[in-house]
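Read from first to last, the chains carry the letters A, B, C and D; within each, the first residue is number 1.
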Amino acid sequence: MVKLILKRLLVSVFILLAVSVVVFAATLLLPGDPARAILGQQATEERLAALRTEMHLDRSPVERYLLWLGGLFVGNFGTSTTTGGPVAGLLSERIGASLILMLCAAAIAVPVGVAIGIYSALHRGTRRDQAVTWSTLTLAALPEFVIGIVLVTLFATSVFRVLPAVTMSPPGQQVWEIPSQLILPTLTLALVVIPYIIRMMRATMAEVMDSGFVEMARLKGVPERQVILRHAFPHAIGPVAQVIAIQLAWLAGGVVVVEYLFRYPGLGQALIDAVAFRDVQVVQAVSIIIAAVYVLVNLVADVVGILANPKLRSAS
Amino acid sequence: MSTPDLDPEVVATPEPGAVETPPKESATRSRPLPARVWAQTQGKVGVVLTAAVVLVALAGPLLAPWLTGYSPTEFADRPFQSTGVFGTDNLGRSVGARFLAGGLLLLAYSVLATALGLVVGCTIGMIGGYAGGRTDSVIMRLNDIVLAFPQLVLALLAIVVLGPHGWVLVTVIGLTHAPRIARVARAATLGVVSEDYIRAAEMYAVPRTRILAREVLPNITGPLSVEAGLRLTYSIGAIASLSFLGLGMQPPAADWGLMINENRIALSVQPWGVILPVLAIAVLTIGTNLLADAVARATESTTVEAS
Amino acid sequence: MGDPASSRTGPIGSDRAVRREHGLPVAVELSRRRLLGGSLALGSLGVLSACSAPTAFEVDADAPPVQGGTLRVGLSGGSSADSIDAHITVNSGDSARAINLYEPLVERDDEYKIAYRLAESMEPNDDGSVWTLYLRENLKFSDGSDLTADDVVFTFERVTDPEDPKTNASNLATFDRAVAVDDRTVEVHLTSPNAVLDDALAQYSMGVVPRDYDPENPVGAGPFKLKSFTAGVSTVLERNPHYWDTAPHLDQVELLNFNDTDALINALLSSQVDCVGQIPVALVEVLESDERMAVLNSATGMWLPFTMRVDVKPFDDVRVRRAFRLAVDREQMIDQVLSGHGRPGNDMFSPYDPSYPRDFPQRDQDVAEAKRLLSEAGYPDGLTVELVTAPIQSGVVEAAQVFAQQAKDVGITVEIRRVDTTTFFGDQYLQWDFAQSFWYTRNFLPQARNCATAEAPFNETAWTDQEFTDLLDTAQAELDETRRNDLIRKAQQRLYDDGGYIIWGFANQVDAYQRYVLGLRENSTGLPLSGYTFRRVWLGEVS
Amino acid sequence: MSGVTAERGWRPQRDAALSMRGLRVAARGGAEILHGVDLTLTRGEILGLVGESGSGKTTAGLACLGHFRSGLAHTAGSVRLEPRPASSEADDGGEGLELMGLPTDRLRRLRGSCVAYIPQDPALSLNPVLRVGEQIREVLDTHGYGESTGDRDARVEEVLADVGLPSTAEYRRKWPHQLSGGQQQRIGIAMAFAMFPDVLILDEPTTGLDVSTQSHVLDTIRSMTRQHDVASLYITHDLAVVAELADRIAVMLRGELVEEGTVQQVLQAPEHPYTRRLLDAVPDLAGRKVLTATGQLPAARPSGSDADGGKATGGATAPSETGPREPEPGREAPLLEVKHLRKSYGRTPVLQDVGFSLRTGESTMVLGESGSGKTTLSRCVAGLIEDYEGSIALNGKELAASTRKRSNDERQEIQYIFQSPFSSLNPRRSIGQSLSVPLEMSGKLPARERRGVVEDALDSVRLGRSFHDRRPGDLSGGERQRAAIARALVNAPSVLICDEITSALDVSVQASIIDLLNRLRSERGLALLFVTHNITLARHVADRIVVLNQGVIVDSGPVDDVLENPTHDYTRELLSNVPTL
């Protein structure tokens, strides 16, 4: 088992390295001089040259890549072309804010999705199950900004004016210190993710409920509650954990649109702003961070999958 | 087929061992896929919704001046007025006309991106699944690298480097779909490759490309068409999202996503500029998603039969 | 203009550097038109509040100002490069901080006239090469220390430091040295005569700072002092107990940054902020329809021109430039781009300058003449040009779209190429053949120095007419206003006839605020929210 | 058939433990699955319920537990649990307990305690994430066995010992996947017996197990049922197993019980024609009967290899008339020769120095249980496995490993038929399309002539030309296997490799396929490599036999020699474990 997990870990590391190459290659493709972008039109040649040296722009691409990669490990994400300051400082608080948002969304989406999914699977074919199916199909189809705009219209600007439509962090306070402004972004993200969890949970649960060992458990006289909790549910965990992981990983990307919509001061917001200003160093950093979260969550899911499966667990 | 006692197909056509009985006419010949899709409520609703929006998107650009009295770029009034049926947008153009004209590009780009994703994904997925071994692991690792980026992030990265052009959108959305489609194609191919008819073809030394095209491809169309439907839904969502972020379709193009971006500021006073495109995108994606679901259900029943 | 201050690292790329250069108001009397528009706007506001059915609250605007309270201000823009330095003002938020933390010697008032602040009076010598400034009595900094002539001298030296020139250095290009004659008198010596030095001093980036000034712990003489500051996020100011003028009504002002107009409006609508600066003009009606909100609509001298490079094809042919100028339907531009909240332009900047040539015939769309000119220039079947646009200011991208539509009538096909602001102000800035720009209110001479001479740092139209530059030089040294204006008018004629700018209009500055916010007045500087003069604002009693 | 069986055979009816009367079950779609079934299970007796796939036997068995799979519903009839003095659960005033319509909760309490179930596939029925000890204990916990947890633990140990498994704590902590198929099934049995049930339903519990394992499991079942005086219903398709185990036999055909009686009655004097057909179709180790499913043309067995050859007469296709060859072992050069064949997957050797030869027209059976390497062997010969060591020669010429590297002619000479007819034909292509692939690839015939050849092949496997344009989905398993055989025939091969081609088919279909193969052999002079796990088929199809055990040939020679004088222990054990009628 340890071997399996280690192997999986190695794969993740390899993927992250490859991702860093892709992201870095993006800079090389870009026309223009980052040093000039930072210093502006009127910069003197001496200052440009000095900054180029400082940013290693005078080195070969391979050297630059290695220096950049080395920097990542010590938290040095480079220099922002728009602010001229270090990218790490720009992003450090935003990472926390984004994580909070993702965690809140996950904390709502996972239990709700799992519960509704199980409920639906156990009531297959009933009207309530069909209602669940239709709502999940509908919700799953909608792009996140559509859901977000509808929520804003409903709860913030037009119908009820009960919740803040945008996020603000008044001086000295972090975003999460004002919980009311987390509600709409969290809800939007959760609503995007929940249908997938429901559908997967329902399908897996339905499949497990039809399996031989569940039939056997029933034929052993095991009470239905126990059939579900002891026999069926543990089986659904593996596949559902994968889907939940994919969805949580999706959150890492999904926050981009939602943060933009709600002006939530997170990574996604930083990414959009950086794209609008063509701040490649920030785009690189955010892409790498999001990809890392993505890979990490998938890794965790696979490890959970390995641990949930006694066959793999007992494999030496 | 481990519990054949249950399978109604088998119950209906028992094998009594009487091989000499005259060959019976097929009672179990499956109906064609469209009919099976249409037979479901999901399928019907999906077809109707999708068709409605597609119709608007295709015919809209031609009908816009005739129906609304304005061309999509003509100025009808000052911005955000209630002139005409649906009022004016952020530049004072007719929302109705721009709505009618705004679906075509989105639809075309989404279809192109999905098609690109399908061709690329299907090819590499099938090759990976069929070749197995090292080829497979190399392909799948490459896949994982692309999959390590959320789709939108990769799209943004591409847009930063290449600019928000139509071909960039189509290519990047299509290529980010490809690994996901490849996974499905590969899984489906793996299911098919273990079948003996593939071994039979191998045995007869049928060229590998022909095996993929004739033996494998027709047998994975079920999952692939489901995936195509899903990917189309996501393509629409992704391209609309990028336009919404102001990084997709560029002004002065009439486009639903862009309309939302331009007009959402006046949501409370001139809601049509947002509501119409939001509705259209919602109806379209819901339609394609229902359709994909119906196709999934329809192909599931045949997969069971064929296994 | 000398060496512009853009060599400092920090601002959002070069566009910030540009904005900094643009935001310099210059004196002009209040135009009649603006007065009229202003009273109309006020009137309609009054009607609105009078007519509106019983709202959730009533505010008694006539009651005496209320002391205390915190004003929450929503600002668009802002980044981690935001500054609280008195003399480095890049974006709108920096201006807001500088205006409220520091006090200049003179300032532009609501009507764009010179008003004395720390200075009691100032006067030039006979040839305009030395100006003498007289300070008010008992001036103190926010830490309670005295403000003397030495501090003023230090301020001049700091701004014009050749090693590290600050924002306003370009306006003080002729500065030679400043001498403290006594505690309240300063002499400013110039290298060449300047008749309009008062304009160069009436800048918000000219606040007086103490000799031991430390931008990290800023001390100024403004109505407020700094309580906390997080770049790109928020700034908190509190009342300065040592302010020389009437004490501000507010206890505290919070400046909150929003990167997106949409968010700004939503924050206002959901009462997360009390007022917001610079809303899109298209939203005026939206906000006016909300009985809780009021709109401050100020006419300004801000312009969003199209820029044609006069040295490249096809714009090197003056007939093509004229045809393009005649292709624009200026009223429609104002309607579509500014929702009517602006005034048509006549291809001439600086409407508040006393020299503004109101008698030049107003250009308007003339399809036949434009076609004729194009045909003469060798384009009988029209031509296709690429227009580079970027969201450098609200309305710019929209203007490009409207222009593209209008130009069709003349046979000009405009292909819009939208780029991001960094690219726009990147390596190719000033190289675009046909692009756009924006400038805030300022007077003719400083404006022309910035954009229309061979030495101008932002010569977007590649306008290097020597005769024009000579006229500017002579005018700047001319102390007699009438003669100066005559010289200026000759220069204006050159630009009007042959220039590369298409100046289709001047945009209003439109802000919005909750109706309980009182004391905001229309202001022509182009800066939002009454030119950020929060010292006059109070929060009305809500009943 | 022990004496005990005979004694119990006529036990009085009052000992009935469960009776089913007029049970009708229908699919929710409307089609009826059971058309009024009557069954009585008697204490201490095993009733064998025999039927082919789709006959509804599992549905009837599950009805005894009051359980219907999803999509099925009880429409009429009753299932009663008869009272037993010792049983408290089923005691219902001496009247018995009607299971149909019983509230779920009461049904639940009966299941596992009064009525126990042993499923077909232990691998699917044991919960893979629960330790086996826990799964047995769960039954005890659920039904409140004993006074304390100690009692229950003791019972788990006891019942494990009863089924012949180690009762150590370590063993109880094992996961299902760590056990072999036979052990898994014994866990299933232990679970069923844990609560001392009155009635036991066994649903094909030995299908999928090797012969020797099957024999052990059957022994366990037999002793446990006898020991605990349980009324058992043994559901199977295998008449031979029933003959060994059951006291009475009931035969089901398409949802109806067509015959019931004691083992002797049913096996020796079957009344219903279907029963007779079934019995005729069962292969016989002694090879004394001619396999025929429907009383059609009897199988033609090639002569010259076996003393019983003379009995294979009475057909137009007698070998003497069509057979052009009389194989003469030793003289003729072998058609196919396999020498020193080695193959391993990773470090696991699958084939170790395997060698045998096949002469023209000869039929050799490769016999082996699962994991013996028999399929690997046959695929090596067919060219489907590329990296083996050793040589395979056709007509004295060594073949390339991969079929792709073999010549066109070589490819045509050797044809391979796959185990599962459900998998060997592309469901998206018509039979005609699939069958013309070999012709297409050999490229000898112009496209327009192919159809004729394919139709001839369909005729020769007795499918008829109308099958040309049909798709596999429309065909039954037997029909599909015939189509697959036809595909092997279109290129007129000389060697036919049949890899377990009847194992997925019902016995009656198996019989007809065997019959067909024998006819084809005699008509076309085909050499046959018949790969199977079923030794009882030996005398029906083969001249020679090769016994493969764990990749090694342990026995080989003419069929009679090997069957009568097995030289290897493995062969002997195999023979002794084969259930026979």
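Operating definition for what follows: contacts are C-beta pairs under 8 Å (C-beta built on N, C-alpha and C of every residue); 3 or more make two chains touch, one makes a residue touch a chain.
This is a predicted model, so every value here is computed, not measured.
Trainee: Tell me which of A-D and B-C has more C-beta pairs in contact.
Mentor: A-D
Trainee: Could you find the chain whose CA centre sits the greatest distance from that of chain A?
Mentor: Between chain A and every other chain, the largest centroid distance is to D.
Trainee: With centres defined as the mean C-alpha position, give me the chain B-chain C separation in Å.
Mentor: Using C-alpha averages as centres, the distance is 50 Å.
Trainee: Could you grab the centroid distance between chain A and chain C? Build each centroid from C-alpha atoms only and quote it in angstrom.
Mentor: Distance between chain centres, rounded to whole Å: 42 Å.
Trainee: Could you pull out the residues of chain B that touch at least 2 other chains?
Mentor: Residues 264, 268 of chain B each touch two or more of the other chains.
Trainee: Which residues of chain D are in contact with two or more other chains?
Mentor: In chain D, the residues touching two or more other chains are 69, 121, 124.
Trainee: Could you list which residues of chain C touch at least two other chains?
Mentor: In chain C, the residues touching two or more other chains are 262, 269.
Trainee: Can you list the chain C residues touching chain B in their complex?
Mentor: 261-262, 265, 269, 280, 282-283, 285-286, 289-290, 332, 335-337, 339-340, 397-398, 400-402, 404-405, 416, 418-419
Trainee: Can you list the residues on chain B that touch chain D in the complex?
Mentor: Contact set of chain B toward chain D: 1-8, 10-20, 22-23, 26, 28-30, 195-197, 199-206, 214-215, 218-219, 305-307.
Trainee: Note which residues of chain B are touching chain A in the complex, please.
Mentor: My answer: residues 42, 141, 144-145, 148-154, 156-157, 159-162, 233, 236-238, 240-241, 244-247, 260, 264, 267-268, 271, 274, 278, 281-282, 285-290, 293.
Trainee: List the residues on chain C that touch chain A in their complex, please.
Mentor: Spelled out, the residues of chain C in touch with chain A are 3-4, 6-7, 9-14, 17, 72, 79-81, 227-228, 230, 233-236, 254, 256, 258-260, 262-263, 266-267, 269-270, 272-273, 391, 420-423, 425-427, 429-430, 457.
Trainee: Residue numbers of chain D touching chain A in their complex, please.
Mentor: Within the complex, chain D contacts chain A at residues 62, 65, 67, 69-70, 104, 108-113, 116-117, 119, 121, 124-130, 138-139, 142-143, 175, 177-178, 188, 191.
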